[in-house]
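The structure under discussion is supplied below as structure tokens; questions concerning it will follow.
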Amino acid sequence: MTSSIDAAAPSRRTRARRVKLPPAWAIAVSLLFALLCVVNLLPVIWGILTSLKSQEDLFRYPPTLLDFTPTLENYERVITSGFLGTLQVTILYACGTVLATLALALPAAYAFDRFEFPLRSTLLLLVVASIPLSLGAAALLIPNYIFFTRLGLTNAWFTLPLIYTANQLPMAIWIVKGTLETIPRELDEAALIDGSDHFGILWRIILPLSRPALGAAGVLAFVGSWNEFVVSSVMVDNPALRPVQPAIYNFIGYFGREWGPLTAAAMMGIVPILLIFILLGRQIVSGLTRGSVKG
Amino acid sequence: MTKALGAALGVAASIIGMALATTAIAQETTIRMWTFLNPAGTAPREVALAKIITQYEAANPGTKILVEPQVWDQMTPKFLAAHATGNAPDVIWVVTDFLGDAIASGSLADLNELFINDWPAERVADNAGAYWDLTSVDGKQHAIFVSRNYISLMYRKDLLDAAGIDPNGFATWQEFRDAAEQLTEKDAAGNVTRYGFAQGFSEQQADPSVMIPQLLATGEPLFNADGTANFASDAGVAAMTFLTDLVKDGISPRESVSWTVDDLFEQFAAGRLAMVQGPAVRVSTLQAQLGKDKVGLALWPGNGTVEHSPAVMAGWAVGVWSGSANAEAAGSFVEYMLGPDGDPIWVEAGGQVPGLLSTLANMKDFIAQPGNEYLSVAAEGAARYGWLTPIEFSVGGYRQALNKAAQRILVEGTDVATALEDAEAEFNRLNNR
Amino acid sequence: MQSRLTSMSYVLPAFAAMTLVLFAPVIYGFWFSLYRIQYGVQTGFIGLGNYARLLTDPSLGATFWRTVVFASATVALTTAIALCLAVWINGLGNRRGFIAQMIIILPWIISTVVATLLFRWVFLNDIGLAISLARTLGFSNVHPLNDPNGAMGWLIAVSVWKRIGYALIIILAGLKGIPEDYNEAARIDGASDWQIFSSITLPLLKTPLLLIVIVLTLSSVNTVETPLVLTGGGPGSATRILPMDVFDRAFLTYDLGSASSLAVMMFCGNVLLVLAYVRLARWKV
């Protein structure tokens, strides 16, 4: 069982034969994948092409794929409207959210997994039950706005990181706790005998061993806060505090959709997320892996 | 771990920097304004707003205008909530459908007290018109319109010229229909390549149904005096039948059932439609895409008794928040933005319809330039053939109700009178009437 | 082994944040919904008056069942498709699997509004690529969003498309967590691929599948952006689902009383759903 605590076990992955689909299924799924390739890539390619089109080429009918003179004017427009500053703020928000989420989720998950305390299972159930709270924010938007305004929590630099952190916490606690279950308690006990306290165990043993899970939870928190639109459009007003999604939405204005700048902003907004997934995509799967089959 | 720590410190430092930057602004008098325009943007109206702010700030050192761009469809509800919690901006843009709510809630300061009482009589007269009267309730001027949206007949000038059709000359709706039929083109295979007329029927981002001008021209009101809907009158049924028949007979496209106004204008820009229902505020945008000589605005057809059917007028009015600590300074900015200094900038840089009669007169040459005729059409229409939604009661949802009725007629085959009666019932229920 | 105080101090910061941002506003929202709301202000206590008025709305039942159909179809299809793809990708090599995974998660990592707008423009818009192509191929009467069932079908399709990526990642993680020796042992005992899948793989995926089903159910029961951008609820009311109804009540007719009472009821429904899932799966927490 000790092999399961090796952070990465690439040897195991390549060694044995994996379960494969029966041939008929394999063909069906390959076709499904081919369809998904078209359906997933075409809108993005179309978005990139559109972002390079000038006003006159945008609505040519029938639509033109490649027969146009590419221009960067849409990107220029987006950048002049302050989009780079917006991206910067959003990166700060997302990083702040990730750090705060992990810093709060790890001790909580540790306590839920290792300690026995009053109301433990009630509180854990509450964590699971609050997943819908973080997803259903749009429904109570106006009362929420009044509530946060009364407390003086709107339109400040900490408004969005605070809300996002709380939104991401339930899922992060769940993921991290799953991994902690796979870390043998013998390690804690050995450390206790050596004179370490609980915080020492958390810092020196649990933290390094749960790094993949923290990475996975962190990536999910990053994506969640990066793509959040409704809360950010309502809870902050100052343009210096506005993140990327309302800035993109701004090009779907009252006077019409401006597809050129809209797609240019959207494509620039995808790049950071894409980079994260290319760099950490494997990490997120392996980070979710260890806790994920335990119940 | 040191890396993570470094990153954390970096984040913390930048956040503190951001906090400092926002407090630094507070040194001088800052006027917060909510609008859907981003003055850093490059759309014509955004450029106009930025120019007005720059000029105002240069003329009034010590005052800074901080624009906080909002998502336009959430802005007014959010403002009312902000008013309730004492945290609203100093200057607010309010859309016509919510104007009644904004005034009734007491969230808008009386502009008479702030600056209008100091005006000479000529300046008050310069503002005269239906829009001015709408925001004047119980002797108080609650807001002044910045964007006047005259929603009438938009057309492809090149196509109508080629067909020899004068869109301002339709004496009846039947003549309009004949012209639309004539403008509908098919290719050799029988596919329609261009439709004569269209409006978008989606409930999302809905413009008011084209049945309304036709209904109002008969003298029948759209709402009863108590605020209940009056959609299913004989005139209403006739108007809706006319409108949906355009689709049934292939003069308007079937797919317009799911179109929002944005879809409509994209189709129009692609040359798939010769005439559409379109607001004056969109003309400049479309001219930028298609060319100044290709897009025009006309008054609605007459009906034999009236020369032109009344068009729905909407738009955005600007007010000062009644709880503002800087009401004087905020009023001064509104006065500037919508006065003789700001108005010409809105027209020239923003392509907006003039708000002041003097601007209309002073900019005669500009308005007479080819492509700019829509400005005088909208100004004339607003003065003589316009209809503003009532503000004594809330009418939120009437556009959606009528579009939904049209969808049901076209898709489910519902009888016109039944669909309109159901729409009436739903509107009344949602508005608690 | 440790004092109550230490345990609580580990959990407290997280719960403080969640209480402030998640729990307290719901309680506030419930309190808010007990008042008559005029222009965004509470003007008088009316108890359950808003709820009573809401429940007499004749259209609510249909909207509810539409939401059930939409959510169950979205969850079932997303889970099934993601499961097939995950097993398939797990069988591919590392590099090819990674590329396939990146392609599949693309719609998930783009924001909903942008993704839906692009999808609608490319595939469903009359002047978009797909329909223009169909027209040149001789299909002149393709209006995908006009037919009530078709519109609902597309709404489900787009919602599934947007969510497959998330489900895939979680299931893939679950698959990789199953030790290979389990499969090997079964294979030596003469089990077929299908038997291994159904009697070993699937039961071991219980936890990730449960998580997916919970998250997908809640996200589809609460999605506003997709129907708003795709169909606007039409034609007629064919794609009007509960979250859109709340949104329209709040922002179109500005009836905050019925909007917040409906939102509170939906919230209670959400929590019950989660508890039911946890119960059904006999999941120990």
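First chain written, first letter: the chains are A, B and C, and each begins at residue 1.
Note that a contact is a pair of C-beta atoms (placed from the backbone, for glycine too) under 8 Å apart; a residue touches a chain by one contact, two chains touch by 3 or more.
Just so we're clear, the structure is a prediction, and the values are computed from it rather than from any experiment.
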item: Chain at maximum distance from subunit C, centres defined as averaged CA atoms; value: B
item: Higher-contact pair (C-beta pairs counted), A-C versus A-B; value: A-C
item: Subunit A-subunit B separation of Cα centroids, rounded to whole Å; value: 37
item: Centre-of-Cα separation between subunit C and subunit A, whole angstrom; value: 16
item: Multi-chain contact residues (two or more partners), subunit A; value: 59, 61, 142, 146, 249, 252, 257
item: Of all residues in subunit C, the ones touching two or more other chains; value: 40, 127, 250
item: Residues of subunit B whose C-beta touches two or more other chains; value: 74, 77, 81, 84, 266, 270, 272
item: Residues of subunit A defined as touching subunit B within the complex; value: 55-56, 58-61, 77, 80-82, 88-89, 92, 95-96, 99, 142, 145-146, 149-150, 154-158, 233-234, 237-242, 246, 249-250, 252-258, 261
item: Footprint of subunit B on subunit C - complex, ascending; value: 38-41, 53, 57, 59, 125-127, 135, 138, 140-141, 143, 145-148, 151, 228-229, 231-237, 248-255
item: Residues on subunit A engaged by subunit C in the complex (per definition of touch); value: 12-22, 25-26, 28-30, 32-33, 36-37, 39-44, 46-47, 59, 61-63, 65, 104-105, 107-108, 110-112, 115-118, 121, 123-125, 127-136, 138-144, 146-148, 162-163, 165-167, 169-171, 173-174, 178, 198, 216, 223, 227, 229-230, 245, 248-249, 252, 257, 259, 262-263, 266, 269-270, 273-274, 277-278, 281-282, 284-295
item: Interface residues, subunit C side, partner subunit A - complex; value: 1-2, 4, 6-8, 10-11, 13-15, 17-18, 20-26, 28-29, 32-33, 40, 81, 84-85, 87-88, 90-91, 94, 98, 100-115, 117-119, 121-123, 127-129, 132, 136, 161, 164, 169-170, 172-174, 176-181, 183-184, 187, 193-194, 196-197, 201, 204-208, 211, 214-215, 218-219, 221-222, 224-225, 243, 246-247, 250, 256, 259-260, 262-264, 266-267, 270-271, 273-275, 278, 283-285
item: Partner subunit A, residues of subunit B touching it in the complex; value: 4, 7-8, 11, 14-15, 18-19, 21-22, 32, 34, 36-38, 40-43, 45, 66-72, 74, 77-78, 81-82, 84-85, 87, 89, 261-262, 265-266, 269-272, 281-282, 285, 288-289
